[in-house]
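Quick one: the structure is below, and I'll ask about it shortly.
Chains: A, B, C and D, in written order; residue numbering restarts at 1 for each.
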Amino acid sequence: MPPSETKASAERSFELERIVFFSDAVYAIALTLLAIELRVPELAQEDTAGLYRALLAEWPRFLAFALSFWIIALFWIAHHRYFRYIKRYDYRLITLNFLILFFIALIPFTSSVLGEYGDSAGGIWLYAVNMLLLGLSDAWLWRHAATRHHLVDAALAPDLIRALELRTLTTPLAALVVLTLSFLIGGLASFGWFSILIFRRVLERRDSTNF
Amino acid sequence: MPPSETKASAERSFELERIVFFSDAVYAIALTLLAIELRVPELAQEDTAGLYRALLAEWPRFLAFALSFWIIALFWIAHHRYFRYIKRYDYRLITLNFLILFFIALIPFTSSVLGEYGDSAGGIWLYAVNMLLLGLSDAWLWRHAATRHHLVDAALAPDLIRALELRTLTTPLAALVVLTLSFLIGGLASFGWFSILIFRRVLERRDSTNF
Amino acid sequence: MPPSETKASAERSFELERIVFFSDAVYAIALTLLAIELRVPELAQEDTAGLYRALLAEWPRFLAFALSFWIIALFWIAHHRYFRYIKRYDYRLITLNFLILFFIALIPFTSSVLGEYGDSAGGIWLYAVNMLLLGLSDAWLWRHAATRHHLVDAALAPDLIRALELRTLTTPLAALVVLTLSFLIGGLASFGWFSILIFRRVLERRDSTNF
Amino acid sequence: MPPSETKASAERSFELERIVFFSDAVYAIALTLLAIELRVPELAQEDTAGLYRALLAEWPRFLAFALSFWIIALFWIAHHRYFRYIKRYDYRLITLNFLILFFIALIPFTSSVLGEYGDSAGGIWLYAVNMLLLGLSDAWLWRHAATRHHLVDAALAPDLIRALELRTLTTPLAALVVLTLSFLIGGLASFGWFSILIFRRVLERRDSTNF
């Protein structure tokens, strides 16, 4: 039994807070670095019309930026939710958390590949696989923490645990939708990401813990 | 009623703190990334005079950097002010907060477009629209939190709430000033941002909550 | 005796927390900046096969990214462990902590040199030396903090202190392994980093504080 | 009297903590972005000797990186010291703090100008002026906070306040030394920064608050 367990208490331990704030920093940096991919157009001569034409020509990059921003936001919200209930930590929790952060840190790269090559299946797949693995890491972390109330509050309702477990599958499911669509509609498959919103809506119907 | 409400208390909950610190990280990163746009001049041969000439030639980028730095600072101060009074959170607050962060994360991009094309209406508009939407998101968040004391301290004085509500409009107003000026004086319109200081001064006259 | 010592107490002082969170920010930024080195391939014409060929051709950069990510993670975990027990700080602790952060901040650079020139001994050495000095700084900080319980809890078990002291040597040892291997097997020497896992496993056998 | 004053108390208010952590994030990001300036050399053919020659040719950039890292570290330590004693905040403190952060955010830029043009007076001056203004902002903030114990603990010893006031002048002084030297010894003037260490040593002799 790791010594950390002995620190479990109503108000959360400093060590656990530190893990959480460290993760937040990684989420925040990944979120903000996304915008670096947006390039300032280089124009032969400066005129408003030309600038707008150049900016509009960048729409795939903007789309990739906006999509990735909101997906990272959803993952942060999930992370925020898990750690509301996690009261203890062990070495494996930290490792699984770093696994999540690994795929978060990759998003600025896979997102810019999507922005560049989003109309070919290749760019879509790389991005979707990144999200798939990220979502599965999330699921793994929650399963590790919640199973038999290993690291969560003993009083946590089993059906809330199941509800959160179910939620962890929304992004992987959406990733599969996108991967499938990419065979049928190619570049348009990226719009499959909106299925996340549908999945979430359905789940929110199912359970009352709408946050 | 979200479970979070049950956490409302004099000293703010860890979850609320986490939302705030996460936002701070995004503000801080956006703030510091602004400087990345400042380019080290490349000189044929190294001489002080030439270096200074090259640096002076960058003045529009410096102006854009300084302007954006202080505008982000004002938005951070506003955010700081709101969350002094916000004692609870719900799912919508988090979403609106991410909407704010979305437009904050865009600033390094729109700011460098301004630095590059600030003398054409195009660059000015993109930047002003970014600030307009950012300011409206701020207003939306505060309205959501403060209306009928939904998420703020029940004891919070209604006229203080109105005062802060009024403040949320300073940047959108300034953005409109800049947009209007851009038709009249083109590139010089950027100086319209100083109207923020005027609006704030006026509002500080009106109410005593000067912070 | 620095005034800070007077602040020692069960719940850690705000000043100490600030040192820790500041360090976390540096770790988190270094971790996320690693991915900036991953370049979006530029293709003559867009086709999935070509994109994958181009991405696969980047494998040394991916390897360097993944390796550095997990090494930084291990160093963060070590830092996390030390500061679980450090209850006071003095000027030297802060200086040694900055020495650690100095070598952390260098990793994105040495890591991209490794990604670029990992098949020549040169790239491997630069990276290994970075890790060697980082590991020694870690050891120095812990020795300063723990010797005669200078800054740690007086009740901290001496054999736990020794166990952590021993752990600080895993990365320097691995660095030496890699440096040696580089003479024998050249570019493949980078796989010597996996020896960290072996060393850690051995140490975890030795002592029970597996976190 | 700002409402914040009413929050003054032994354990510092959440709002004040937030100002401090926000500043830390900016310091940490500036610190880590410095390394971005270190460029991976591009070699015609890969050989260790060539790589080392290329890396050695970068020594001015390494010097600028190391110098700026430690100067930022010193400024962070000073900031850490001030806020150990600052117990309240007002609008002006926040503004002065942002003034400090403004010059901190500029360092990655002026530092890379120094790395590029450190052998011409131009690069040295830009950097020295940045540090001069940063140091003066520090002095201004501390003077505002400490004069007549405006924002610091009423029990804070006047000679400690004076001692810290004196310390705020070390970097501006060093900047003046460097500026003067630049006329006499050109590029070597950068070594004048080491005078900081001398000034600090002298001051530490003078007062006992060695942290």
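Simple rule for what comes next: contacts are C-beta pairs under 8 Å (C-beta built on N, C-alpha and C of every residue); 3 or more make two chains touch, one makes a residue touch a chain.
Just so it is clear, the structure is predicted and the values come from calculations on it, not from any experiment.
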Chain separated most widely from chain B, comparing mean CA positions: C
Angle (degrees, nearest 5) of the CA superposition of chain A onto chain B: 90
Gap in Å, rounded to a whole number, between the CA centres of chain D and chain B: 25
Chain centre separation in whole Å, for chain C relative to chain B (CA means): 36
Numbers and ranges of chain D residues touching at least 2 other chains: 21, 25, 29, 33, 36
Chain contact graph, described as a line, ring, star, complete graph or other shape: ring
All touching chain pairs, where touch follows the definition stated at the start: A-B, A-C, B-D, C-D
Complex interface listing, chain B residues touching chain A: 2-4, 14-15, 18-19, 21-22, 25-26, 29-30, 33, 36, 90-91, 94, 98, 101-102, 105-106, 108-109, 112-113, 116-117, 119-123, 125-126
In the complex, chain A residues that touch chain B: 11-12, 17, 20-21, 24-25, 27-29, 31-36, 38, 40, 43, 46-49, 51-52, 55, 66, 69-70, 73, 76-77, 80, 83-84, 209-211
